[in-house]
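One structure below.
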Amino acid sequence: MVPAGMQGIIHDFIEEDFIDVFVTTGATLTHDVAETLGFHHLQGEVDIRDLNDVKLHEEEMNRIYDVFLPNKVYEGIEDFVSKLTIPDYNMSVSSFLNFFGKELPENSNSILKICSEKNIPIFCPAFTDSGLALQLGFHHQKLNLNHFKDMLEMVNLAWDAKSSGVCIIGGGVPKNFIFQSLQFCPNSASYAIQITMDRPESGGLSGATLREAMSWGKINEKAKYSTVILDATIALPIILWYLKKSKYEH
Amino acid sequence: MVPAGMQGIIHDFIEEDFIDVFVTTGATLTHDVAETLGFHHLQGEVDIRDLNDVKLHEEEMNRIYDVFLPNKVYEGIEDFVSKLTIPDYNMSVSSFLNFFGKELPENSNSILKICSEKNIPIFCPAFTDSGLALQLGFHHQKLNLNHFKDMLEMVNLAWDAKSSGVCIIGGGVPKNFIFQSLQFCPNSASYAIQITMDRPESGGLSGATLREAMSWGKINEKAKYSTVILDATIALPIILWYLKKSKYEH
Amino acid sequence: MVPAGMQGIIHDFIEEDFIDVFVTTGATLTHDVAETLGFHHLQGEVDIRDLNDVKLHEEEMNRIYDVFLPNKVYEGIEDFVSKLTIPDYNMSVSSFLNFFGKELPENSNSILKICSEKNIPIFCPAFTDSGLALQLGFHHQKLNLNHFKDMLEMVNLAWDAKSSGVCIIGGGVPKNFIFQSLQFCPNSASYAIQITMDRPESGGLSGATLREAMSWGKINEKAKYSTVILDATIALPIILWYLKKSKYEH
Amino acid sequence: MVPAGMQGIIHDFIEEDFIDVFVTTGATLTHDVAETLGFHHLQGEVDIRDLNDVKLHEEEMNRIYDVFLPNKVYEGIEDFVSKLTIPDYNMSVSSFLNFFGKELPENSNSILKICSEKNIPIFCPAFTDSGLALQLGFHHQKLNLNHFKDMLEMVNLAWDAKSSGVCIIGGGVPKNFIFQSLQFCPNSASYAIQITMDRPESGGLSGATLREAMSWGKINEKAKYSTVILDATIALPIILWYLKKSKYEH
C-alpha cells in the first residue's frame, strides 16, 4: 500500500478519526518508516522493453511491481534503528510501535507517527516478517516483543466494544487477526467492508466471503456488508473523499 | 490446505525428505492439530440452494468455503492445550512447535508430528494469528514465544546453506519470510517454484513474479524458476506423485 | 456493459467523436435496443440472503449478476422487430445496423441511434449470438446478413487508415476482430489501450498482453500501449471525464 | 485450445461419442485446420529473459502466450482454401464446416475431420472472426455463409431434444450461443458443467454462474451443475480419462 502511494491516504483516514484500531503488515510499517525518514519509493514502468530485474539487482534497485526502492533505504532504516534505546525488550508489539512512532521525526504523511500522536493502537501480528523487524533483531539481539500480549489485547478490545465494524483491505494475516478476535465475542461485527482482488474459490481466508464469516460468528447475521473486487489504490481515495465530504457537510 | 485435504500430502512430502525447512501459517498448524487429535473437517457443498451461514452459525458449524468445521473441535484443542506443561515460556516458536509435535498423539498424517520426529524446523512467523495460539495464550498467560529468535534462525539457515531452493504455495507471510531470509545471503535461491492463484497486478507480494524477486537478490539471476497459476490442491498431489516416482525409479 | 449502466457513457464517447469505428457484441446491441425502446434494466442485489434464481425464473425476471431484466423486454423487442421492413436481406450486418438505428425512436442515450446519426460504422461479428438476432431470424426467415462483407470492410478500413489506435474493453470476439483486421495492414496500431479483468495465463485472446500482439504485427513495435486490470464500469466514466475535460480545455 | 495441445483431446471426446453438438470459435477451427494440413504449433517459453515480441515479428513468428506459430502456416491455409470449390455460397456455416471437414486430408487428431465423419454438427457463430474465414473471404468474394440458418438450427436442436446438458469450456460466444438456444425451450438443460478462469464479478456472461442461468430458464431448476475454476488444459485430459474409463468398465 505505501509503495503504491497510499501512505498519505491511510494517514488521513487516521487523522480524520475514521480508524479506531489499525491492524497491518510488517511491510506497511517498513515502507512507512522509509518514507518518514525521508527516503522515497520511485514510480516506474513494468514494460518488458524496459524491465531487467538482473540489471536492477546490479544497480541495487529493488522492484515492487511498478515501484522501485533503492537498497540504501534499508541502510537508512538500519542507521535509525541501531541508535534506538528500547525501554522494554518484552513489551508488546503494539506498545513498541507506539513508542517507535514517537521516536520518528515529524512527517505529515507518516502512519506510525499519526497513530502514536492520536494513541490509535497498531497491531502487527506478523511483525517479524518485515525488513524493519530484521534490522531491530540484528541490532537488539535481546529483543523479544510479546506477540501473545497483542493477541490477547486485541481480543479484549473486541470483547469490550459496544459495537464494532471492520474494513478489510487485501486480506492476509490482518484480516484473520481481526476476525479471530471477533469470533468469541458477545458482539460480532455489525458492518463489514472488504476490498480485495482475491476470490473465494482458491479456499484461502483472504478471498473468503464475508458471508462465510457469519458461520463463524465473526460477523453478525444482521450485519450490513459489502465486498468490492477492486484494486485498493483505486478504492481508498474515493472512499476517503466520500467520508470527508460526508463528515464536513453534517 | 489442511481443511482442503492436503494434510496427508504435506505429511508425505516431509516423510519422503522433500522438505528441509517448513514455513507455514497458524491456520495450517491449528487445523493439523485438530485432525491429529482425532477431529475432522467435513466435506460439503457451496450450492446457494443448500448454504445458509446464519443457520450454520446456530448449529455451531464453521464454514471454510466448501469445508465445515464443528465448533467442538476448538474445545478439543483447548482441552489438549490447557493440560500442556510448557518447558520454557520464552523459547522460539519453532522450538515450541518441535516440543508440541512430540506431545501430540501418534497420527499417520500429522504435519507437526512428522516434523518433530524428523527434526524438520517449522517456522510460523504469524503464529499468534491462529486459533491454536489463542488457546495457548488463554491458558498460559505468561507465554512469550520469541518470534525474533525464529527470524534470526531463519536468516542463519539461509546464510549457511550451500545452495537453496524455494517452493511457495499460495503466498502471504510464509513467502515473504522465506524471501527476506534470502535477501542478504551470499547464496540466493538457485531454483524457485510458486503455485498460486494470486496475480502480480494487485501489487502485493503474494502474486509478485519470481522474476521481481531477482531484483531484490532473493532469487539468483541464473535460477531456474516457474510460476504455476493453479489451485494448490490440484498441483500438490501431482507433484508428490512425480517426485516419489522419480525418487524410487533412480 | 449496457445492463451495468454504461449505455450513456458509450453514447457520449461516440457523440463527442472519440470513436471512429465501433466493434461490439450482440448483447450490447440487444440491451441498447431494449433501453432505446423504453424498457429498463433494474438494479438489484447479489446477496445470497435475497437471491433466488428459481423464484426469479417463476417471476420471469432474468438476472445479469446484480442487474435484473424482465422477460417482457424481449416481447417489446420482438414487437418492434417483427414490424420492420428490411430493405435487403443480404446486406452486411453493419449496413443493417445503420438502417436499424435510423428506425429506432429518438433516445438520448442510444448507442445504435447515435452511430446511425453520425454514420459511425458498427461491426458485430457474432451478431447471431444475440437476442436481437434471434427475434430478427424468427420473424424474417429469409434474412441472411452478409457477415463476410463486414469482415472484408473492416480489413479495408484498417488497410486504408493512415494511422490507427485501438481501445479494447473486455476482450472476446470484438478484440480479435479488430486485431485480425490489423494483422496484414501496412500500418499496425500505433497506440493501444486494454481494460479487462482477464489475464494472460489462461492462454485465451481476451487476456493476452498487448505486447503479444506485436509478434503478430497487429500492434506496432513503437506503439504506446497500456493494459488496465479493472472493471470497465469504473474505468470508462473516468476516461470519458478526462477526454471531455481535455477536449474542451484546448 | 488447439495451440495449447488440446486438439487430440477434443478429437477423442468426439470420437468416443461424448459430444452431440459442438459449438466453437473461429480460432479453434483455424488452428485445427493448420494442424490437419500438417503444420505445427511450437511449444516455447514466456520467460522475460528470452521473450522479444518485436524480434518474433521480424522472424514472422506469432506468439500465443507460450506457443509459437510461424506465419507460413497461414500461407498453407490460404493455399488449401484458395483451391476449394464451394458447392453453395449461401449454405449455413455448419453445412460448410461439414463439407470442409470432408475436403481436409486424413488426420488422426483433426476435430473438423472427425465431426464430418461422424456427422456431428459444428456451430461457429463468430466464424468471420477467424483467420480461416479471412482466407475464405479473400479467395471466394461471393461467399455469404448463412449465419442466421445456424442460429435457427441450433434453436431447433435444443427445442427437439428430449433432454439436454451442456459443458462449457472457457465462455465467450459459444457459451451464450448454447444458452440462448435453451432459453425458450420446453426442456432447459438438466445438467451443466463449466470450466473457466473467468469470474462473475466483472459482470460478463463468460464468468456468470450457472445458477444465474436458471433465472433465464436456460438451465433447469433441478439441474445438476458444477463450475470448476481451472485451466481447461488441466481439466480436459482428466475428464476424458475418467469418461473413457467409465465407458469401457461398464
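Order as written gives the chain letters A, B, C and D; numbering starts at 1 within each chain.
Just so it is clear, a contact is a pair of C-beta atoms (placed from the backbone, for glycine too) under 8 Å apart; a residue touches a chain by one contact, two chains touch by 3 or more.
Not measured: the values here are computed from a predicted model.
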item: Path length in the contact graph (subunit B to subunit D, fewest steps); value: 1
item: Copies subunit D and subunit A - interface residue numbers shared by over half, same or different; value: same
item: Chain pair with the higher count of C-beta pairs in contact (C-D, B-C); value: C-D
item: Taking each chain's C-alpha mean as its centre, the one farthest from subunit D; value: A
item: For subunit A paired with subunit C, centre-to-centre distance based on mean C-alpha positions, whole Å; value: 41
item: For subunit B paired with subunit C, centre-to-centre distance based on mean C-alpha positions, whole Å; value: 47
item: Between subunit D and subunit C, distance of the C-alpha-averaged centres to the nearest whole Å; value: 22
item: Subunit A, residues touching no fewer than two other chains; value: 48, 53, 199, 201-202, 211, 229, 231
item: Residues on subunit D engaged by subunit A in the complex (per definition of touch); value: 48, 51, 53, 199, 201-202, 229
item: Subunit C residues touching subunit D - in the complex, by the definition given at the top; value: 3-4, 27, 53-54, 56-57, 61-67, 90, 125-131, 133-134, 136-138, 141, 143-152, 155, 170, 172-173, 176-177, 180, 197-206, 208, 211-212, 214-217, 221, 231, 233
item: Subunit C to subunit A touching residues, read off their complex; value: 48, 211, 229-231, 234
